[in-house]
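Dumping the structure here so I can ask a few things about it.
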Amino acid sequence: MSQPSLSTSGLTIRFGGHTAVNDVTVDFRPGELTVIVGPNGAGKTTFFNMISGQLLPTAGTVLKDGIDITRMAPSARAKHGIGRAFQLTNLFPRLSVLENIRLAVQAQSGDGWRFFTRVGRLTELTARAERYLEATRLEAVAHREAALLPHGDQRKLEVALLMAMEPDIYMFDEPTAGMSLDHAPDVLELIAGIKADRSKTVLLVEHKMDVVRALADRIIVLHNGELLADGPPAEVMASQIVRDVYLGHAGAAA
Amino acid sequence: QEDPIKIALVHGTSGSSFAVYSQQSETGFQLGLEYATKGTMKVKGHPIELIFKDTQFKPDVARAVLAEAYGDDGALIAVGGTSSGVTLGLLPIAEEYERILMVEPAVADSLTGKDSNRYVFKTSRNSSMDSQAQALALSPDENLYVATLAQDYAFGRDGIAAFKTALEAKGAKVVTEEYVPQDATDFTAATERMFNALKDKPGRKVIYIYFAGGGDPMGKVLAMEPARFGIELSTGGNILPALATYKRVPGMEGAIYYYYEGYDNAVNAWLVEEHMKRFSSPPDFFTAGGMAAALAIVKALEESPSLETDDLIKTMEGMTWDTPKGEMTFRPEDHQALQSMIHFKIKVDDAVEWAIPEKVRIIEASEMDIPVGRNNQN
Amino acid sequence: MKKGTLTVKAAALVIWALLLFAPFLFQDVRQIEVAARIAVFIVLVASYDLLIGYTGIVSFAHTMFFGVGAYGVAIALKHMGAGWGPVLLGTAGGVVVTALLAVAIGLLSLRVKAIFFAMITLAAASVVLVLASQLSGITGGEDGMTYKVPELFKPATKLFTDEAGKVVRLWGVQMNGKLAAYYFVFVIAAVLFWAMLRIVGSPLGTVLKAIRENEGRAEGIGYRVVAYRTAVFVIAAVTAALAGSAYALWLKYTGPETVLSFGIMIDILLMVVIGGMGTMWGAVIGATALVMAQYYLRDLMEVAAGATAELPLLPELLNPERWLLWLGIIFILLVYFFPAGIAGTIIDKGDRKAGA
Amino acid sequence: MSAVVARAGGVFWLPVVLAVIAFVLIGVPSSWLTLTVAGLSMGLMIFLMASGLSLVFGLMDVLNFGHSAFVSFGAFVSASTLAALSGWLTSGSLTLEVLALALALGAAVAFGLGAGWAFERVIVKPVYADHLRQILITMGALIVADEVILATWGGVPLAVPRPSFLEGAVIIGDSSIEVYRLFAVAVGVVVYLGLYLMLNRTRMGLLIRAGVENREMVEALGFRVDRLFVLVFMLGSALAGLGGAMWAGYQTLITPDLGAEILVIVFIVVIIGGLGSIQGTLLGAIIVGLMQNYVGFLAPKLSLASNMILMMAILLWRPNGLAPAAK
Amino acid sequence: MSLLSIKDMSVDIGQYSILHGVSFEVQEGGVFVLLGRNGAGKTTTLRAVMGLWKPSPGSVRFRGEDISGLHTSDIARRGIAFVPENMGIFGGLTVAENMVLATASGKFDASRLERVYTLFPALKKFWDKPAGALSGGQKQMLSVARAIIEPRALILIDEPTKGLAPAIVDAMGEAFREISASTTILLVEQNYAFARSLGRDVAVIDDGRIVHTGTMAAFDADKDLQDRLLSLSAFQEDHE
């Protein structure tokens, strides 16, 4: 098996007396799509936050390709190829869709400090941004303010931003939450496309079992901040404990 | 009909509560013109035309309006301004346009100092006069111990320095100098320090308060009962509304620039009467000052061989003229008008809104040793 | 280009053109003073817009930097005498001090909540104000200081002389030092403004907007927010300092009231808002509008009070001494009805129509 | 360790620590006592003026630069009332003097209530949740209010008569304690207790904070946020008026700039206290009051910048202020 | 008489016209489901009923009374609760304080509180913690809990299952079924399986217009209709 592209060891965070993530040690490899499931409040988003840098762990380390990134600022991690889309839509609301994407492209290309070139001159940047616009089928709304988009389009833009960062590690936090069924397939197709690339590592938090089944190479289960199960989808979903804490009746029926 | 003579009044009339002082000054100036021209508002056949400019208490605006007065409106003489900083900014404009600027009522010594120029005359008093007169009013001798309280900036420090020099020349001692922030409102700490410095001294013990603006430091010091240590207070005179707070210190002595009952001369008599008639209140500090400036200008215009600025300057250097404060003389070197001050003693009369600074005596200009700021003669 | 944006740019360019020809168009002394002040304030306001409008940083220390620039030149000229050396040295000194101050404040406190940052800058500004009035030996204290400027800028200097040795007049305008000083200020203002236009149109400019919109996400996609914020804080501060240096040269007087007081900070805020935040061109309109109001609203009211002298009450309300009252009311109405400022509103309206 | 300190009252011991340090440094007990009482009462007077701002700023998240105008108005209204009743003050009757004082303070409060109502309706209502526009529009209002004060009372300083029972000082040994300062302490404590009860014993505080965060949701839960906000605003302005009235009595000679002069200090107090908490504001005010007096005595040179330094130090130590409301 | 009757309701937001004459009737009791694609106008409909957008012209009648001009708080006081799309949590307040504000008197009915605890144990655990620190799903639970802590006549719920784990979705479905015996629920959902299991009546909205109304049973039987209105077929099999 290939070297892990991302690994955590003993990752732990406490808020006051409450341990939200407890001693999680896990490796992720390129070409693999791991779905993280677990009840609400299990610590999935918090786990993501510690990898992408929004929160600093109380203990434990995060390694990206062997480099310790545990205490880096989010921007530095982004430079190291960690990309993240958020559970609650998190965009640049008063900028247009195209500007949103171009910002991510520009961060990736390192042009942010150029202060004397007109943005319009950097046609290369715009062209790249437009590629992601097409990929997420947002061309029609390219010049609308992000805040005015319908929910579904906002979720897509969230994904487009992540794609434009061209990271090695893709982290999606419930990308299709609240998305109607005419939109969801577009997003799932995109994720499938990244997975098909084989060189990227994908982490996906998702509650919709149909989606999980369709995409997962591997499932890990978090419960009360602890790693409860880790393995191939069929095996994990079949285990009794997962049915008890997570799936409930739905699991029983499936 | 001769060409009019234009005089610009350049004061701050908006943007600060000091605007009332400007109004007093301008009122006084107009009354002064009336008096000096016997109501004709003409000098040598030239009608006098007043131009009013508002500095808004901003030096940059002030410079622009003064330049406008000289350059666009053709003012021959300008009078102003109210605050020292604004006025300092005006000085070079007078030089640039080679026209006379009569400083009134701004106080600072520096206005006739080395940054000034030969086009600047000053009828208002300066801080040295305040401080020296104040020192003289304390009748200093070896037996006098003084603590001072002032604001911590150039005005306060310079004033105290002048006061100290005058006191120490007579053998009195300054035991501590306290400086508080300009907008201080709580004087407990400074007062406590002054009490500690003074209380064990033999002889007469005085706290001198030298303060501009509100805050009422005298009231605050008084509330801590200096009398229990045998300490007296002393402070300079003030405008009428502020004199109301002096009712708490009957018998206190100090020096004041002008009080309407303090001077006994024809000009002042006319001023008080007219002012009472028109505004049903007596004239205050700045009214008298404005009038003095007008009287100086009219006299200079009358006596000068021509209306050329150079002739006017020559006429005014050394000129002596009558004002509500008695005679004033422009000192030739720095164009500061030397003038008298009143040594007063506070009297309380319940029928009067303010405490009355009753005249003890007039401190003549000759008794004070006002430093020469610059020499315009070379 | 969109219609609204076009209108705003056209208006701003007209103002710049008027400023360019001001000495010839308006031959009064006061008008030139007004024009120079407008030019300086355009730069000051535009640099502030870079902070507040583009990056979303509320700072009350902008006049402090303006003041440091002005005092740099003033102190150098005062203590070293007139000459170009002191001007350069003073400007350089002002810029260096400004940059150091800005880096220190930025790194220390750009991490705290926006409103706390505003208060810290307010505190820093008042400390500098107190210092300026305290160190009266160097700064002239409360009263400020006057000084001589290089020969070239003295009104008596003749730029061009005819055979008789008199100053040449071009369309009735004397080719003297005052004219040189005006164009000096104008060119500096124009260059600085142009540079800022380039900045907001550059990739850096879009990053600033991103930080304003959503700081966390900007960090998340790879921008070091603190570094960018500090950088823009320094850029804006240095620009303000340069504007201050030019203003000190123009005024030949520097004091707390002209370059440091909180009143100027309020003026800048008003100008940014009246013009329209985050539009850069709005700075031109805002600065012009407010400076004109400061210089002419009073006169206008004098006329109005005169015209209505017969009516009851009105003349009292229109009393020129009360012009600030009206400025305040106009200001409230502006914030109320044109939250996007003049430029912002025109852009919104015009572009929307064009888009529909 | 820090947990123990926190449980024992934490930062609320700071004033005591300050006082103890000062006692050692000053060395003269009588001076220390004078300074401490003066500092405390100064703190409570600042608290009176700051509490309204804290209420409006901390709970409603409205940065009201116009607050200082209410303070000035309160000062002038009460001074004018006292001046109009000066006959009562000199009548020698204690009842009449107390009545005059009560009427003066009442007038300032009443004025604050009315002006607060108008101010909220006309000026602040359109700009909730927009800090920048709040700063701007309230600054515009401040300009207007200052002009109105200038037009009404003129620019000359106004002397404030004081009932004779508030004059003078209590002398203990070599230290003197002004009677007026004791009175200010009493008023400050009463106001603090009232506010504390209102905010902690009723749902009002909760509703306001919730309303600031998500106004629509509070309305969807059945509450009238607009009425609540106007009430809070009126209360804040009334407190400003009361603070101004008390301040006028302390100052005894007032100018229209009075409000603007204390605005910065009031802001500093609210910020170092921590947003949204009346306890924090009281703590901040007392610390500022004590510091002013101690520093003024021990190192007068430093007193100029002492408040600014204090604020910066506290913010660097605790970026959210000393005792912010739990968030 | 129907509990809620919406007639020819249009809503404009700024320059955009969002709803163009929406009409439907909600009968007392049971769950009424409003379905539609993203951006169809579901949220806007709920907000308009709640008085958070002003509908024009048309009318919204609640128990026969026209409530379309009323202030939101007055609408709420008539017994209508609202669970908004963005959850409307007061992040600066604790969970307990969030709940207290949802009661009219400031006191909890013990049995209802117990019910909430059993339904959403997480809320009990975090009772005194700031609500802003809750996980996405926990916030969703708190939002629903606020709506059911008091007896109401009608609850408007906007996508309650978004981001909830399957077990919780089940529990919530149970709870709704139980509540709907006494309280009418107007439910907006993307999760068709969830909606189907609860709904008695259904309306489908598209582009600001009601394009279908009927019973859930009939709608569920008509696959063509579903596919046409909601593109359901894409994932239909998975839900079976």
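Letters A, B, C, D and E mark the chains as written, and numbering starts fresh at 1 in each.
One rule holds in what follows: a contact is a pair of C-beta atoms (placed from the backbone, for glycine too) under 8 Å apart; a residue touches a chain by one contact, two chains touch by 3 or more.
The structure presented is a predicted model; accordingly, all values stated were derived computationally and were not measured.
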item	value
Set of chains adjacent to chain B and to chain D	C
Topological distance between chain A and chain B, in contact steps	2
Pair joined by more contacting C-beta pairs (B-C or D-E)	B-C
Farthest chain relative to chain A (centres taken as mean CA coordinates)	B
Chain separated most widely from chain E, comparing mean CA positions	B
Distance between the centres, which are taken as Cα means, of chain C and chain A, whole angstrom	45
Chain A-chain E separation of Cα centroids, rounded to whole Å	29
Length of the line joining the C-alpha centres of chain C and chain D, rounded to whole Å	35
For chain B, residues contacting two or more additional chains	19, 152, 181
Full enumeration of touching chain pairs	A-C, A-E, B-C, B-D, C-D, D-E
Interface residues, chain B side, partner chain D - complex	16-21, 152, 178-181, 183-186, 188-190, 192-193, 196, 213-216, 219, 223-225, 228, 239, 241-242, 244-245, 350
Chain B residues touching chain C - in the complex, by the definition given at the top	13-15, 19, 54, 56-61, 63-65, 67-68, 70-72, 84-86, 88-89, 91-92, 96, 108, 110, 115, 152-155, 157, 181-182
Complex contacts: residues of chain A adjacent to chain E	15, 18, 37-46, 87-88, 150-153, 174, 177-185, 207, 209-210, 213-214, 245-251
Interfacial residue positions of chain C with respect to chain A in the complex	198-199, 201-207, 209-210, 213-214, 216-225, 228
Complex interface listing, chain D residues touching chain C	63, 123, 126-127, 130-133, 135-137, 139-144, 146-148, 151, 264, 267-268, 271, 304-305, 308, 311-312, 315-316, 319-320
